């Protein structure tokens, strides 16, 4: 049985878990909407400033919520040591990683897509560039958050003070993803006359390759006892 | 006396010599004047922060392979030293930026990368502090170090693309001999002191880990279960 | 040749002072902690033996 | 003596936590189809031994092979042949009993009559209920079903009678009998020494992480009475 089939099985399990725990997922959605509101309170009601920086606020809201949903995704794994149960099956640890990271990616991408209308309404942002660029930047960016986030959440879920450790470890790591995603999303929202969008997407693809391959190699060591 | 003290003493003497040379003997820099003397400590700090971070990366790989307390202690030592040098680097950089650029912080790629590297390594030290099981602590620190180190060039590139506003430091090749000497002396001074600090920290890490596991007494004639 | 910076010894002193201070401070903290940890280990060893 | 390698072969197996040996110097040689009873007071190392045998934790010393496979070099292959019933349920409380089973089946690439399995442990009626709504005893039964699903050659049971009602006791006895009839190798720890001694072949007593007695299972109650 190949890594891919195992990954699919793990992914299916995690999506099922998210569906079963959808009340918690919706709480994360409300939290991120709340942060969007808070940014406008912090900056003031100037419509022009808000719409110009809408992409940045969107990504900050995503980043803050990602920590919650990543932490949550490992709480269900450590509760009854279910992850250990998975690990003791004849399974490639990379499959456990890819499955978990993919489901976290799916969740974050869904959240990102939900936040876009929020930005359009609250910040009077518009999509003057291409919608394709917008979706691509959200997908590649959340991909870059989900993979290292999954690795670090697996660690911090079993450490004391996990609520502060996960952002402390994850945020500095994903600065490149944040920079590139904000740029690309911003170009999609405010217009992209110089056609810079594709090159930022290219940068994000490179980051994603690194951020998905390195943790996959190391994940097996992280979850062993 | 622990052996590494010789390195510490050598580093201290070199640092005194390099400081005297850099502060009193070398001529002021052509454009920056006397403020340029900050570079005699700043550049060696930067070189050594990166060098010792690289050592931490290599040791982290070794620690994952070897799984021994000594490798973990060495990793702890180099991590702590890197964090310290990075803090020094940031403070020096900010002080240097004020008269040069007019602000303490200018989102310059090198300075910003250093800040992020510092936070990453400090985060790893915080992760260490929150774990009790020494084996898990060793593995996770090593994994985190590998990822944080690989991230450094990525952060640097991304910030460079994001905003390019850097005035390059003079490199030793383009400045006159009197400026090269204090840079070189201090580079070795900081290297020796950095190694000394790392070794001291590693010893402390080993000592605080508690007594080594005593070897389990093996019986000469063991009871073998299951044969009955 | 605009803006050759004149003076600035204050900045130089601050940068060197803080750097050397940090180095020295950390070195002292480290060695004190190491001595304490070693003393504690020795005490423990003595009680174990006794 | 057969020429096939033992189902479980442990040599000088030990595990240290910090400066304490939870288990040291354990030797096991269990031929396929044989069974071993682990007895000993709380904290004697029974769970540690079973977790070592299950490759859930790494040994600090010693070697372990499962049907000739080096458990350290080839853990995935070894795990294909063994399964552990643990204190920890290893269950997802949000998922239904059936979903827990189907997940384990899909990941380990096994197919089987999952509802039939649930029927075998008396959980058929609760197949679609979330595990969180099941009682402790029912979770134990579900964990048993999960173990049976893996059709392990080596069955590791840590306190299988724990949390069960008298009907559950009978069920576990019956399942153990079936597993033995199918020629599977069993290692079982329990405080119900008399009960275990009645159905297993070899015995082993652990005290403070050391093996103090090995012999036929029938002799275990007497050996336990001695240390009490």
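Letters are used for the chains, namely A, B, C and D, taken in the order the chains are written, and counting of residues starts over at 1 for each.
Simple rule for what comes next: contacts are C-beta pairs under 8 Å (C-beta built on N, C-alpha and C of every residue); 3 or more make two chains touch, one makes a residue touch a chain.
Quick caveat: nothing in here was measured; it's all calculated off a predicted structure.
Trainee: Of the chains present, which has its C-alpha mean closest to the combined C-alpha mean?
Mentor: Closest to the centre of all protein C-alpha atoms: chain A.
Trainee: Using mean C-alpha positions as chain centres, tell me how far chain A is from chain B in Å, no decimals.
Mentor: It comes to 31 Å between the two C-alpha centres.
Trainee: Between chain B and chain D, what is the separation of their C-alpha centroids in Å?
Mentor: Whole-Å distance between the two chain centres: 47.
Trainee: Report, in whole Å, the distance between the mean C-alpha point of chain A and the mean C-alpha point of chain C.
Mentor: 40
Trainee: For chain C, give me the residues that contact two or more of the other chains.
Mentor: none
Trainee: Which residue numbers or ranges of chain D touch two or more of the other chains?
Mentor: Within chain D, no residue contacts more than one other chain.
Trainee: Where in chain B do residues touch at least two different other chains?
Mentor: 210-211, in rising order.
Trainee: Okay, what are all the chain pairs that touch?
Mentor: A-B, A-D, B-C, B-D
Trainee: If you look only at chain B, which of its residues touch chain D in the complex?
Mentor: So the residues of chain B touching chain D come out as 133-134, 210-214, 216-219, 222-228.
Trainee: Quick one: in the complex, what on chain A touches chain B?
Mentor: 148, 151-152, 155-156, 158-161, 165, 168-169, 171-173, 175-176, 179-180, 183, 203, 207, 210, 214-215, 218, 221-222, 224-225
Trainee: Would you pull the chain C residues touching chain B in the complex into a rising list?
Mentor: 1, 3-9, 11-12, 14-16, 18-20, 22-23, 26-27, 30-31, 33-34, 37-38, 41, 44-45
Trainee: Show me the residue ranges of chain D that touch chain A in the complex, using the header's touch definition.
Mentor: Contact set of chain D toward chain A: 51, 54-58, 76-77, 79-80, 83-84, 86, 88-95, 99, 103-104, 106-109, 130, 146, 150.
Trainee: In the complex formed with chain D, which residues of chain A make contact?
Mentor: 1, 5-6, 9-10, 12-13, 16-17, 20-21, 76, 79-82, 84-92, 95, 224-225
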